[in-house]
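Let me give you the structure first, and then I'll get to my questions.
Going by the order they are written in, the chains are A, B, C and D; count residues from 1 in each one.
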């Protein structure tokens, strides 16, 4: 079964209540970083806002942010980026009566019940995931050439030699167009490349090395001495693992700092709001997002990933969002997205990565 | 790397304290089903008991049961099987001084540190399992021809079409020599074969069928009408899934009843102590035990599975015990076995089964 | 806030489609233990079945069982209890058109939104439970005198001295009218009373006793020597804990056997279907069911506990069902009951029991 | 039982191998933020370093940081704070032979087995926690007047009205000397004070308010308009909850930013390494650390909390570390601290807080 995008049906703006709807009201930000009262908070769904009698589809939406009228279009901005006087959409209805229309059900699965693609509530260890896997393989083959696949990764991933290898193969085969992670993921992965261990355990034999608890610190310290990851990789002649594959293929990765970091590695972004911005820049244009074993990064990224994407030719397509985790709690935390294209898979991400690489013919 | 059994080193009975050890004391059961005071409770490890000046290796041990001298050898019996007057080993030391010697560390991994094969305490979602998988593939290829592989299965397993198919392939390829499960596993599996659903959801498309919540009851009721699973399979011309594969290959399966059962299916054993006996009969001779996503059956079976096996030629070999579950709690519940050959793998059993079938070349 | 039962609104049988509905069709069981094709499976909700032109409210319903016309009324029976020729209700609609009417929404919370009392899907560690606790205290005070409170208990409960004491106080204060559990709960509790330990650890200081792993076996063996729990309690002068409190207060307890049991203790019911029957006999008349840390017993009991109860004067009242567990998976497994009166609480049952005893003024 | 500190036994430096030990070697940092090769990484245990023939106890240790000789003493610094030329202790032994002595077992529990106070590996939902609670009550009563109690809190805590109230009472009664948390904890807590909801649900009745999903954003936006939390509290006349209690009592709180933050609230520290520094400043002097339902903050803080404290009079006392979480995974993640004074409690933190407040006589 080849992959097909779901067709998008735009709202019918000739309907009387939409045709007669007023322009959305704008109000100025009272001071830097503060929205006016009754500001409208955006969602992950397509939203149309009326201005000068025209409905504008907001292009790069973000949950819980506000729409600012700027340079002839609506920009979605975080509160902290607002400037005093910015013209901000106000109104707390979403059915058009205030010039704001949320269009949550624009994508249709043609030969399937309406809810088939939905994020089935309460996905558990007892859910069958065969169909999800099959659809994901098809999706990835499609997105490899026609979309942008961004991966969000927790650190546990790199402790397993085979999963690490599987992911490096996915990178090299073109299935990875961006990586969002933290200091720990990069540190453990580079420890593997530099010293052959993960937290001091041999990644192949799992034997503990003498004084191996120094290995992740030595990796960080060495990288800091070189001054950058590329110089470290070149200087020490590293070549396996996730970060090396990303560097080799020119795949951008954003490493966000956290309060539990050692080091950190040179490219880690210490200010979390700068990190948010860098992540959102990576997510712009992303059409599929796959989150592996990290609740923090998954929620952060999910909030900035709209359920739709406006292509250069104006076509509106759906995006796909996968959350893979061994804890139902994490998987279901995202379930209120209610998007047609969100899926949770409850498993160990090591097996998930190996599954993917094997079934895409990479190992 | 080909698989090799760990060599067994028997105790040195010429050591003075063992040579001088007395015979173990025997005391009669005071009434049916009751052991004498100070009875000795057996373990999963090799234990030697002295009788008439000879050390006897107890052959089919079982945790928390007692050793009875009967017909010239020691039999390990559950309390409920004791008869008044049975001659039962008493003594609560294990170092030989009372004629009882537990030999917990008889197996050696030659080129590896002592603890390499141990059930590493605290296995989690963050443990790397590559090496465990590789060793398991090697082990299964060996055991297929030289051992007896018994599988213990929770019901969730059958909800996924691909995992169910993977397991059927394992059965047909000879990797399954016995199955221990409950009414639910068999019911859901047969529902798949009979009606194409699992709890009413199509196992391929995952669409809910109209009135699908009747499907498992209809399956049970139909099977009860036929009177047996083989007649049901034959009468309705069923051919896919786990139970069909077992019937086709003559693989014995024991289905133990539980208080949450509907039906039950005809071969389910309603009395749990009879079920225990039937399970133990299947476990006799087993050399590898793989437990999938069931805490209850895993603990029950683990207790009756000794860490060693005495082969017909007298050789003592180690056995292998795997516990696969998505919950660390379940996996680590078994960790106090402390056996050289016990392993926990934290993942979704669906992926585990597919991994196995793929890496053994079966799908 | 005092506790008030929700008023019940019976269906309006004068509605044309109900008045005109036919009698429900009856068909004979084709053989012992087998229902006829198209049998109707009962639910936990009030169901009315038409016979001789009269709508009969089925009194003691049970999920996934069938209704048999017998002695002028409908009896709900398990498949295994059917006799060849039994007259069984057939039909798979529930809206009256076949003489079968399920009435799922008969209870109304007067000043609250319809869904307030519902089992909110997806209860997690992040749900606030203050209101649930407050309502539960009120409910228990009411049920103590006007209802029947049955507790379903997993074994973990007894490992904590304070929780064990809290529960004994609940028993002695009259908040416990029946207990459903297994061999392990009773064994660990009696080990505490007999030897002061739980699995060999001192229940007060948590120090491990020498050879303490014998303690649960010694407890079982001693009790088997006495022949019954009451004789054991009397003979050894035991007086603390759950079982002693039940015996002292004449509270019935059903202990169902399982395949992981040692022993078992004398009153444990080995045949799980006999145990089901004994449990259902305890549940008859129960108005509140509280399940603590046991998935198996919770599901088993939940299936046999209807969401309503017909009082001697003919009044229909709602029942209350609580599931308390530290695992969201267990709590949410029951969430599809969809009953007005089902609640899940995610916490450690030790704290739950102590909370209850403290807030009911018992400790 | 009144609380007593464990006595500390310093190493016996007159032992020949310690008396003869050389001074620890110092090497200069090769550039800013980089340690020299073979740097010594500190632990949470007391460590003595020899300099000019004298053993110096390092006072404010921190896991995985380095010791710098500065102004006549050893300072423990994060890599990122190193300046080129800083004199850093090198050596990777800990037994004194290189002038570095780690003293992990200096605290003794007098009448208890050596391991009684240890963080028992594998604490689970089945562990009995009575004794831990009792000891904690005693500890808190002692620390209230003689120590410094710092609390580390995840956001879930504030969703429950009673738990929020319980914690506010702990603050007002003097059991809280510092709080480490994130933007979410403060936002949800202030939403409760400002609008009476948590994520839009009434914190008392749990009813969802219309457009309640705006409430946390409105809270943040309003606070940003005021410019600070104290001005917000004063301007809107807020008075209940955790943050209000901290402001009222002058209890310092550090709010660290994260990539999933909305807003943030004005005092949130966006740069995680600045946040680390602020947290460590709060932890300086702390003698008891209690971590509630946050893996990220718990690990971050645990790493900077030494197992001992040097009092002004030179006495060395032990510190206490509690990790309370509903997930065994989180609780056991800290178990390798191996400290005499670390404890894990597996429960819902709501119940934990209420338990504490009730048993300390505060509610």
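Remarks
Quick note on the criterion: contacts are C-beta pairs under 8 Å (C-beta built on N, C-alpha and C of every residue); 3 or more make two chains touch, one makes a residue touch a chain.
Everything numeric in this text was worked out from a predicted model, so none of it was measured.
Of the two chain pairs examined here, B-D and A-B, the one linked by more C-beta pairs in contact is A-B.
If you average the Cα atoms of subunit A and of subunit B, the two centres end up 43 Å apart. Separating the CA-averaged centres of subunit A and subunit D is a span of 31 Å. In subunit A, 125, 327 are the positions where the chain touches two or more neighbouring chains simultaneously. Taken as a contact graph, with one node per protein chain and an edge wherever two chains touch, the assembly is complete, since every chain touches every other chain. The touching residues of subunit B, counted against subunit C in their complex, run 30-31, 33-35, 39, 41, 64, 79-80, 92, 211, 213-214, 217, 220-221, 224-225, 256-264, 270-276, 279, 296-297, 299-300, 303, 327. Looking at the complex, you find that subunit A touches subunit B at residues 112-113, 116, 125-131, 133, 156, 159-163, 198, 201, 203-207, 293, 326-327, 346-348, 350-352, 354-355, 358.
Residues 121-122, 124-125, 328-329, 332, 335 of subunit C touch subunit A in their complex.
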